[in-house]
Each structure stands twice: as structure tokens, then as C-alpha cells.
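Listed next: structures, encoded as C-alpha cells.
The following pair of complexes shares a single chain, chain A, combined with chain B in the former and chain C in the latter.
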Partner chain A sequence: VNVSLAIDAVLALGLVTLAVLVTSGRALFRDIVLFVVFGLIVALVWARLGSADLALAEAAIGAGVTGALMLIAHRRLGGTTTFEAADRPAPPRFALPVAILVGSAVAVIGLSALGIERVVEGAGAAAQARTGETGLRNPITGVLLAFRNLDTLLEMVVLLAALLGAWAIAGPEEPDPVHRATRDTPLVAALLSAVVPLSVLIATHLLLAGTDQPGGAFQAGAVLAGCGVLLVLTGTLRPAAAAGFVTRLLVVAGAAAFVLVGVGAMAFGSPPMTMPGGWAVYLVETAMMLSIAVTLTLLFARSRGLRGEER
Partner chain B sequence: MNAVAGAVSEAVVAAGATASALATQALGTTASAPLSEAVLYVLAAAAVFGIGVYGLFVAEYVLRKLLALNLMSSAVFLFLLTVAGERDGARDPVAQALVLTGIVIAVAATAFGLALLVRIHRETGTLTSRWWGDDAD
Partner chain C sequence: MSAAEVLAAVLLAGGCVFFVAGTVGLLRFPDVYGRLHAMTKADNLGMLLVCAGLAVLAGSWRATFLLVLVWVLGMLAASVSAHLIARHARREGGAAGTPSGAPADPPGGAPT
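Up next, the complex of A and B:
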């Protein structure tokens, strides 16, 4: 028996089973937790497929932050979990056939694509072959910050737009406090004093290592965002009704640093969006990490700003 | 109206059967080659995507629809990376970068959707999909 393939089979089966459980529609809280488990299995699949960068990002963002956002929204919505069976409308008749049709179509396309002999090498091969020219040894960071950095810049703009949209929707009322536990509890204080410095350390490592090894601004930002979520949940950071200057600066830092470096390069005769050197990559990545962390924390806190604990 | 819906659903069932037959055929042709991890993960991605579509349709609570959408996006990422293939033992870096970007965009879109849900809940007091449905007006 091929053990490697057996592991893949178990993971693939686990994905499908968890997806069925998540959509089976019993208690919503349970389904959200199962969704987080699904995300962790996806992270394992990325690791099996040899993509440590994606595994890190999936574990931190796909499972961690998304799960936290879902759970806090579930609580804000009053924790409604189930509806009376009589109250529940019959599911649309076309749901199952359409789902089978779509799933089969995806399978057909995917299996056919796997069978196609590659005649022309795609962008991936080109990026892999020429990563050395960017001075970065992690080809993914090379793609994100050199070859396709306009995409990455626009991604930062999408994140900013999501936050601005959430602010516009939230309305003018005072943000609701989300914390349940406070630092008065000895366990919470001990947890914070261990986890906060550790996550800052891990985030810094991921950021610095990202140029040569798996890691980068997204993973580092997600780890910091997880730390921010913890600080909001324990009341160390509290939602504030207005965004201070520092918050605004941090939220736009990623996009701003990207544009400044990219446009500034033109002044020295380089084409737009050229990274003039390793320092520029670190500058842009640090700014992106801070923006991602602050934006996701603010989206979790559902507030415009954050302030410290009252003394 | 009902007759139209019936005809549509019958057509969809027929199309679904055709597609399933095609999928079996495609599976048959690949089955002659050894079953690889790529085939496994493509099938898993297709199944999860289909389950996500089903969940999207049958969920009456809007938060559940968002969960189903997130399942679908995970399936798309898995599909994309598996089909992109590997070269010299390394995954396609462009596909990896795209999926990495996609993961962050997905969480941003989910956060925005959840903010929208909380506001709608404050305004209307309900969040079943029926609030925009037939009896909403």
C-alpha cells in the first residue's frame, strides 16, 4: 500500500466529510467550529502539496481569523442557531441537481486539465526560472512583490475597501464591547504575557524569513491579527468610536508604502512599480503586515478605532 | 410558472446526469494512469465545491450562506493549485501567490459580509433569506 497516497486519500475524504457536516445545518455554533477544522485540514493539504507558505496563511487566516469573525458575528446576531422545523421552508427542488451538475462539471474540467500535456511553459515556470533576478530566494515573495506586485497592491486596496465599507455600514452608534474576560483573571494575564510577545516574535520571523523561506507579509500580518483578536477579546484593546491618527496611518500604510516606492522608482528612471532594492521589499512588507493586522483586528472589533484599557 | 420551474428542474436533472456520466468517463480515462494525489484532490475540490453550492441554496440563515461560500472558495483554491501542477518538485509559484492573495481577499469579503449581516439584523431583526424573498415587500 502506498502510504503517501493513503494519507492524501484520508485528507481528501476528511475535507468532503467536513464539508457535508458544515452544510448539514444542525447547530450553527457547531458548524462554525467544524468549518475551522475544515480550514486546518486544508492547511494540512497545502503542506502535503509542498506549499508551506499557503499552509501558514491558511492556518492563520483561512481557519483562524475567518473562524473568529464568524463566531463573533454569531454572538452579535444573538446566537440564533436553529429554526423550528415547521418554520423552515422546503429546500429549493433544484438545489441538489444543480449542486451535482456543478460538482461534476468541476471534476470533468479538473481531470481533463490534469491530463493535458504541457506544450508551452506558463508564467509559473518563467517566475521560477527568473526569481534570482529579484534578489529574493522565495519565488512566491518574488511573484507577490516583483513580478505581479500590482495585484498585491490592489489586494491591499481591497482590504482597505472592505474596512471602509464595514465602517460605513456599522453606523454612528458606539461600538459594542466584545470582551468577556479581563486581565484581572490570573489565567488571562498569564496567557497574554506568553502569547503576545511570542506572536510578535513569530510575526517578525515570518516577515524577515519571507524573502528566502516560506513566510511573508500575509502570514506575519495574520499572526499579528490573531494576537489583536486576543487583545480585543480580553479587553486589553477596546473598540473606540473614532479612528485616531495612528490607526488611520496603519490602515493605509500597506497601500501607501507600495505606491510611494512604486511611483518613487519612476523618479530615478525605473519603470513604475519597480522595487529598487531589498530595503524597499522589507519596507513594503512591514507596512503591509501592519495594515493587514490592524485591518483584520478592526473588522473583528467592528469599530473604527482601538484604545487601551481604562485605568 | 410552476410548469416552467418543473421543466427547468427536469432539464437541470438531465444535465446533471450527463455531467455525471462525463465525469465517470473522465475518471475512467485517468484511472488507466495510476491514481495520483492530484486526481484525489481535484475530486475532493469538485465535491466540496458542489457541497458548497448545495449549502448556498438550502441555507435559510444568511450566516450559513457565508459559510457555504467560504467552503466554495477553499475548493477553488485547492483546484487551482492542484491543476497548476508542479515542476522540479516545486509548486507553480504564480498559482501559490494567486491563492495566497485569494485567501486574504476571501477573509476581507467575509468580514464585509458579516458586517452587512449585523447591520441588517439590527434594522430588521431577522436574518433568514426570506427577508428579501417573497413576503419582504
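Up next, the complex of A and C:
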């Protein structure tokens, strides 16, 4: 028996089973936990496919930070763990036809994709051949920051829009009970004293490693955001009613640095969004990492700003 | 198979035994405290054995150091989460032997 094929088969079956369980469940909390497990399996699948960058991003953002966001949302919704039968709206009558249509479309696309000959001279090959010109040795970072950086800029804008949307619909501040339980045990402080410096170290490593190994701003930002979530959960960082200047600056830093560098390049006769060198990539990536970390932490804290612990 | 590979296989298999035992305990034990007890065994010893097996396979000091770091961090997170979950369960009145005080909302946040 081919062992690696068996592992792949278990992963694929597990993914489909988990997807069905996540979407058909009746207990919200259980669904969220299953979704996190789903994200971890997806990360394993990416790792099996040799995409360490995507595996890292999926584990950190897809499973980790998204899971934390959904858990805190579940708590704020009042912690209802089961749906009553009456609460579940009847499926609209188009549900079945639409499901069949989409299912067949996916099947047709999948089947025809099987028959397509592999394109050797695609954009990917061209990008790989010219990655060296960007000064980056990781082709993923090359695509994200140089070849297709308008997409990356728009991702930062989407994140910013999500935060603005959350700010717009967030109700008045309520005292959050999350941190209270953790304040009278010395273990939490001990955990923080080890985890916070290490998170900063790992995030910095991921950011710097992104130029020639798997890693980059998204993974690094997610690690820092995880650290921020921990600080919010333990009450070390508290929600604040208003965003200070530094918070606002950090939230827009990623998109702003990207635009400034990209538009600035035009002043020197380069096409828009050209990265003028390795320093620009580091600058933009650092700004993106900080924006991602602060935005996700603010979304988790459901606040406009953050302040230190009250002593 | 070389001696190192045999050793690694034994360590990895041993680690998997602890993880399976921990999972069975999590599913079968009646109360929060028993489940935590089962899980921490998997977290500590199971991960130690898996990390040791991987370190033998990797055969470099750098990888060994990183794996030790992974194990220490995992253990640190697991102990603190277990402590917080158990304390939460006790405060919510979950007596030993009853499934009450189920960790629906552990104050420690995401499960480790």
C-alpha cells in the first residue's frame, strides 16, 4: 500500500466529512470547533501539496485567528449552543435546484480540468524565471509583493474596510467579562512573559524569512495578532472607546505604505506599483504585518482602540 | 532501516499511543477534570515522544533545539489552559464525577 496516498486519502475524506459536519450541525459552538479543525486539516493539505506558505497562513489565519474571532462572537451572541428547530428557517425552494446546478458546474469544471494539458509556459513559469530580478528568493513573496502587488494592496484595503464596517455597526462598549477570570492566577502572567517575546521573535523571523523561505507579512501579522488576542483575553490590553493616533496610523499603515511606495515609484519614471528595491519590500511588509496584527486584534477586542492594564 | 530510524519509529509510535489514549480519555471520561487529566498526558508525554522521534530523524542540533522549544511551548500553553479550564469548571460548580461545568467557554480561549 502506498503510504503517502493513504495519508492523502484520509485527509481528503476528513475534509469532506468535516465540511459536511460544519455546515449541517445544530450546535453553534461545536460547529466553530469543527471549523477550526477543518482549517487545521486544510493547512495539512497545503503542507502535503508542498505549499508551506499557504499552510502557515491557513493555520495561523484560517484556523487560529478566525477561530478566535468566531468563538468571541459566539460568546457575545450570548453563548447559545444549540439551535431550536423552530429557529431554523425552512430552506428556500431554490435551495435544491441551486445546489444541483452548482454541484454540476463544479463537477464539469473539475472533470474538464483533469483533461487539460499542463501549460508549461504559463505566467507562473515566467514569474519564477524572473523572481531573481525582484531581489526576492521566495517566488510567493515575489508574486505577492512585486508581480501581483495590486491584489495584495486590495487585500489590505479589504481588511481595512472590514474593520471600518465593524466599527460602524458595533454597539456601545460594555465591560467585557473575559479578562476577569484570569487576573488572580500567577500562571497567566508566566505564560505571557514567555509567549509575548517569543511571538514577536517568531513574527520578525517569519517577516524576514519571507524573502527567501516560506513566511511573510500575512503569517507574521497573524502570529502577532494571536499574541494580541492573548493580551486582550488576559486583560493586559483593554478595549478603549476611541482610537488614538497611533492606532489609526497602525491600522492604515499597510495600505498607506504600499500606496506611497507604489505611487512614489511613478515620480522616478517607473510604472505604478513598482517596488524600487528590497528595502521597499521590507518597508511595505513590515507595515502590512503591523496593520494585520492591529486590525485583527481590534476586531477581536470589538473596540476602536486599545489601552494598557489598569493598575 | 538504520538503528536511528528504528529508534525514531519506536518513539513516534509511542507518542501516537499517548495521543490515542488521551483522545479516548477525552471522549470517555465522565467529567471535566478526568478529561483534562487525559489530555495533558497526550500534550506532555505524547508530544515529547513525537518531538524526540522527529529530532532523531532530523539528526541535527538545530532541529532538536527547535523541537524542544515546540514541546516546551506546547506544554506551557497546555498547562495554563488546563489550569484555567479546571478552575472555571470548579467555580461554575462542576463537581468531580459529573459532566457539568463542561468547558463550553473556557476562559483560556482557543483549545490547545
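Everything below uses one rule, namely that the second predicted complex is superposed on the first by the 274 of 311 C-alpha atoms of A that agree within 3 Å, B and C clash if a C-alpha of one lies under 4 Å from a C-alpha of the other, contacts with A are read in each partner's own complex, and residues count from 1 in each chain.
Keep in mind that, in the parts below, contacts are C-beta pairs under 8 Å (C-beta built on N, C-alpha and C of every residue); 3 or more make two chains touch, one makes a residue touch a chain.
Being a predicted model, the structure only gives us computed values, none of them experimental.
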Joint occupancy of chain A by chain B and chain C, clash or fit: fit
Which of chain B and chain C A:V261 touches, first, second, both or neither: neither
Which superposed partner A:A203 touches (first chain B, second chain C, both, neither): neither
First, second, both or neither for A:V188, with chain B first and chain C second: second
Touching partner for A:L5 - first (chain B), second (chain C), both, neither: first
First, second, both or neither for A:L233, with chain B first and chain C second: second
Which partner reaches more residues of chain A (counting touched residues only), chain B or chain C: B
Touched partner set for A:L114, first chain B, second chain C, both or neither: first
Which of chain B and chain C A:L28 touches, first, second, both or neither: first
Partner chain(s) touched by A:A105 [first = chain B, second = chain C, both, neither]: first
Lowest C-alpha to C-alpha distance for chain C against chain B (Å): 17
Doubly contacted chain A residues - partners chain C and chain B: none
Chain C-facing residues of chain A, complex: 29, 33, 36, 64, 67-68, 71, 75, 79, 81, 178, 181-182, 185, 187-188, 190-191, 194-195, 198, 229-230, 233
Partner chain A, residues of chain B touching it in the complex: 5, 8-9, 12-13, 15-16, 19-20, 22-23, 26-27, 29-30, 33, 35-55, 57-61, 63-64, 66-68, 70-71, 74-75, 77-79, 81-101, 103-112, 114-119, 121-122, 127-128, 130
Touching residues (chain side chain A, partner chain B) in the complex: 4-5, 8-9, 11-13, 15-16, 19-20, 22-23, 25, 28, 31-32, 35, 38-39, 42, 45-46, 48-51, 53-54, 57-58, 61-62, 65-66, 69-70, 73-74, 76-78, 80, 83, 88-89, 91-108, 110-115, 118, 122-125, 127-128, 131, 139-140, 142-144, 147-148, 151-152, 155, 158-159, 162-163, 165-166, 169-171, 216, 218, 292, 295-296, 299-300, 302
Residues on chain C engaged by chain A in the complex (per definition of touch): 73, 76-77, 79-80, 83-84, 87-88, 91, 104-105, 107-111
